[in-house]
Amino acid sequence: MTKAIFLIQSPDSKGILASVTGFFSQRSFNILHCQQHTDSFEKRFFMRIELDVADMQTTRKELEDDFGKMADELGLEWSCHWSDYKTRIAILVSKEGHCLYDILARQLEGELNAEIPLIISNHPDLERAANQFRIPFYFFPITEGKEEQENRIRALLKRFDIDLVILARYMQILTSDFIEEWRGKIINIHHAFLPAFQGANPYKRAYERGVKMIGATAHYASEDLDQGPIIEQDVIRVNHELTPKGLKEVGKDCEKRVLASAVKAHLEHRVIIYKNRTIVFAVER
Amino acid sequence: MTKAIFLIQSPDSKGILASVTGFFSQRSFNILHCQQHTDSFEKRFFMRIELDVADMQTTRKELEDDFGKMADELGLEWSCHWSDYKTRIAILVSKEGHCLYDILARQLEGELNAEIPLIISNHPDLERAANQFRIPFYFFPITEGKEEQENRIRALLKRFDIDLVILARYMQILTSDFIEEWRGKIINIHHAFLPAFQGANPYKRAYERGVKMIGATAHYASEDLDQGPIIEQDVIRVNHELTPKGLKEVGKDCEKRVLASAVKAHLEHRVIIYKNRTIVFAVER
Amino acid sequence: MTKAIFLIQSPDSKGILASVTGFFSQRSFNILHCQQHTDSFEKRFFMRIELDVADMQTTRKELEDDFGKMADELGLEWSCHWSDYKTRIAILVSKEGHCLYDILARQLEGELNAEIPLIISNHPDLERAANQFRIPFYFFPITEGKEEQENRIRALLKRFDIDLVILARYMQILTSDFIEEWRGKIINIHHAFLPAFQGANPYKRAYERGVKMIGATAHYASEDLDQGPIIEQDVIRVNHELTPKGLKEVGKDCEKRVLASAVKAHLEHRVIIYKNRTIVFAVER
Amino acid sequence: MTKAIFLIQSPDSKGILASVTGFFSQRSFNILHCQQHTDSFEKRFFMRIELDVADMQTTRKELEDDFGKMADELGLEWSCHWSDYKTRIAILVSKEGHCLYDILARQLEGELNAEIPLIISNHPDLERAANQFRIPFYFFPITEGKEEQENRIRALLKRFDIDLVILARYMQILTSDFIEEWRGKIINIHHAFLPAFQGANPYKRAYERGVKMIGATAHYASEDLDQGPIIEQDVIRVNHELTPKGLKEVGKDCEKRVLASAVKAHLEHRVIIYKNRTIVFAVER
């Protein structure tokens, strides 16, 4: 079943919900899901609405144009997504392969509504994984100059019509220009329960602090390292028997499932960003 | 802020959402929250809508009557609740006090939108707890005859205008008549992760089966023991170091928080029952 | 560092711990870890001891023989394992690939102290995965006759010197003969939180029962289906928004990590079976 | 059954385990539990041993003296505890009652091997709770001068022979002198998942950062605020629907069980402190 998904946000005011549902009802759409959230602290309205478009009477463009007119009158920010479009993902990696393998296997098994046309790395180690899954692998070492290396990446992303960049344990900081250009379209996995242990070596610092749980955080990349809007987090209970190396090994499972969960939410158009926070709608499966 | 909460269910059909939101929008209500869920497996529509009633132009009765007319036309089952009414709770206990203490402390601390006018038990042990919190305690031993004992309980529930009965580790099976009369208004806590370990001695059986997690389940009481609609469940990780007695002790924490969570969902009118399942809406706090 | 690991169990009696630690201390071994558990309910003693064998003064056989003599005197059941031996695993699968991919990626990444010389299936679907990881794939359809099919599997396991069989969503029941021959050496993943939902279609039944968490269980295979000793379990919180199909999808993550965790515990010689329960020692990493 | 518990730590060296178990074996003690952990990162040995002292042939003092001699030779730090002694606890609170009620109910229900002879507060609000449980309540407002107020507290702790101080949401910083005098004997509950959100208003900051889980941390108090050795942590999943006030309410459950778990570990002599970390042994119940 093909679906259209509208993500909407605006300052809170009376009647938005009725206007939006009325808009689709008058056009005889079957509303599959409608989720609305009013943040009483921020005085802000958020909404996700999912439509069956089987009997749509207009073109997609006409629908979007009509909705756009109403949105302008009501002062809504919005985006529209069509479920028969496969998001095109580029995965950036360094040496650690666990997150990469996890995403590749999920894609092959049909869990992700996406294509993965390329993998990019600053190290040659994971070419093997790319070959196993028959995905082109681009090796751009940092030794060629940080700026030059990043430019080559950005050029590739354009050439391949990429929609979403996943930093699957890519151990390089991106420039502000890159972040700016791809805002809301880069998902990073950090191997700690943010805001604890921002920056390098979180497992070693977790050991030294003696925490009893370690975690992982998937977030949209922002100019400030490890401070972008969080999409998903999870933790694993640990104890004194784990050395920094043991924490790192145990943490891999947490990283994999947090990243996968965040990527799914993004691909299913369930995430709205406002300020430095995300609204992540849960939906029927 | 006083609120009205409508819980609605019906066979799925187009336009219900728009009709309901339109109904309140036309009457200038501010819709605080609206949650809608369509179960594609059961072809059933569920909805919870929460309204600010500060500027209501009609009486409560008029509003309910008007809504009732529309509901009849659309074929909706529904109920309406007002947030300035405190639900009246009777707690039934036997000998174990941990769930009782937990609920009493939460009520005193203002966590529950409820009054607790009485505690009833088939054992005298917990009179102390009732006295500490200055709540009348009724001791009805089973020795006086099961039917007679239950009749005395049912009479008390009526006399005290009780809305909700909590079985806080009440170790007696209720008769079908009692269940029938109070359907959807009795919450029981079972000390296992249902449907595992229905019936007696779940912790001993959990030990023997060698499970690695134990749990607790809060559900509405039904004629079939431990088979009513589940409201909330949770688990705790255990290992080989726990004897049946140890499992029981560790499980208490799980029982307390599962029961409290289910009671809150009920008191906040977030639960709809359909067949043997519950829809539990999460809402802003 | 090469290590020897002894797993020991016996009826509880005074002095076993001192005798065993004394045995290794007299021979100047460095005891890396020693874990002892006395089950006061079963009156049974369990122990795991891990030794640095760098400076061992005898052959491995002599050490085992000497220990065997003491064990006979004390009435101990025991086994000895050497960390430089890689356990040889056969994976049996049907059509679902998520657990298979997860294990193969972990093995390749060095997480498992094991070799995987072959994959066997009753369906051809997962040959692709086997090829990606360059592991021989044997397709034995049930259509050739259940007994004949199983005999071919058992012959292969011998030919390949297999130590451990993993049923990674292998949807066939093994015969008692097979189970008997491989007791304690077959790990199965069941897609439910046992003992809830034994048998077929657990996710559909979980939906119908309306549970609020779903789980997975890894256990040693036994004659009685889904009733063998449990090694590991975990759960994921779900809600009314998941259909049976959604539960199945969400459950995959739980299955993967529970199976991986159980396999690791087995490979690291941290599991002792007694009656229908397991003692799973946690150790430093 | 009366038990003696020895907690031991030392630099790692061969033979300590055999010496200690031999010591008790020669004296015909029944070793109920023995747990040993060697931290390979810190090169440090930790041990907890639990003895049945029913048939002890010497006085307690003689046993401790004998053990002390061996400990001196081996260079061990150690402490010895007797299970028939009830630890004497003072609880310090401010205005929030949830942790206080939780501990008081547990003590009354027999979960804690402890006495609670007094409650101290810098606010009068919780006198009611103290009265309900018939425990003397001391109200020392800060307005009388911070130093003077603390001196009165410290005098009371001495007068009542207090062994352990629980800061159950006591919203005052203790002086270095107080901390120094009571090192390892003050347990604080912090309403965040440390080291995230140290300091004031963690729930508001958690909201602003948009975390997807909130937590609580129980730790021994140290000179540096919220930086002492962590005993226990736990988290609860949250989402965008919770305001700062909602996070605070939801977090209470987490605080209660984390504090209770840490207090139990301390009372059962299962915690060893080394540097800024704790070793928390799990034991049979």
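For reference, chains read A, B, C and D in written order, and residue numbers begin at 1 within each chain.
Going forward, a residue touches a chain if its C-beta (ideal position, glycine included) is under 8 Å from a C-beta of that chain, and two chains touch if they have at least 3 such contacts.
In UniProt terms the chains read A, B, C, D = Formyltetrahydrofolate deformylase.
This structure is a prediction, so every number in the text was calculated from the model and none was measured.
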Go through A-B and B-C and name the pair with more C-beta contacts between its chains. B-C
Note, CA centroid farthest from chain C's centroid sits on chain B
For chain A versus chain B, what separation do you get between their C-alpha means, in angstrom? 37
Based only on mean CA positions, could you tell me how far chain B sits from chain C in angstrom? 41
Provide the list of chain D residues touching at least two other chains, using ranges where the numbers run on. 37, 39-40, 239, 241, 243, 284
Linking chains that touch, what shape results: line, ring, star, complete or other? complete
Chain C contact footprint on chain B (complex, rising order): 37, 39-41, 46, 193-197, 207-213, 215, 229-235, 239-241, 243-244, 276-280
Chain B-touching residues of chain A, taken from the complex the two chains share: 14-15, 17-19, 21-22, 24-25, 28-40, 237, 284
Quick one: which bits of chain A touch chain C in the complex? Just the residue numbers, please. 97-98, 101-102, 105, 108-109, 111, 132-133, 239, 241-243, 245-246, 249-250, 252-253, 257, 260, 282-285
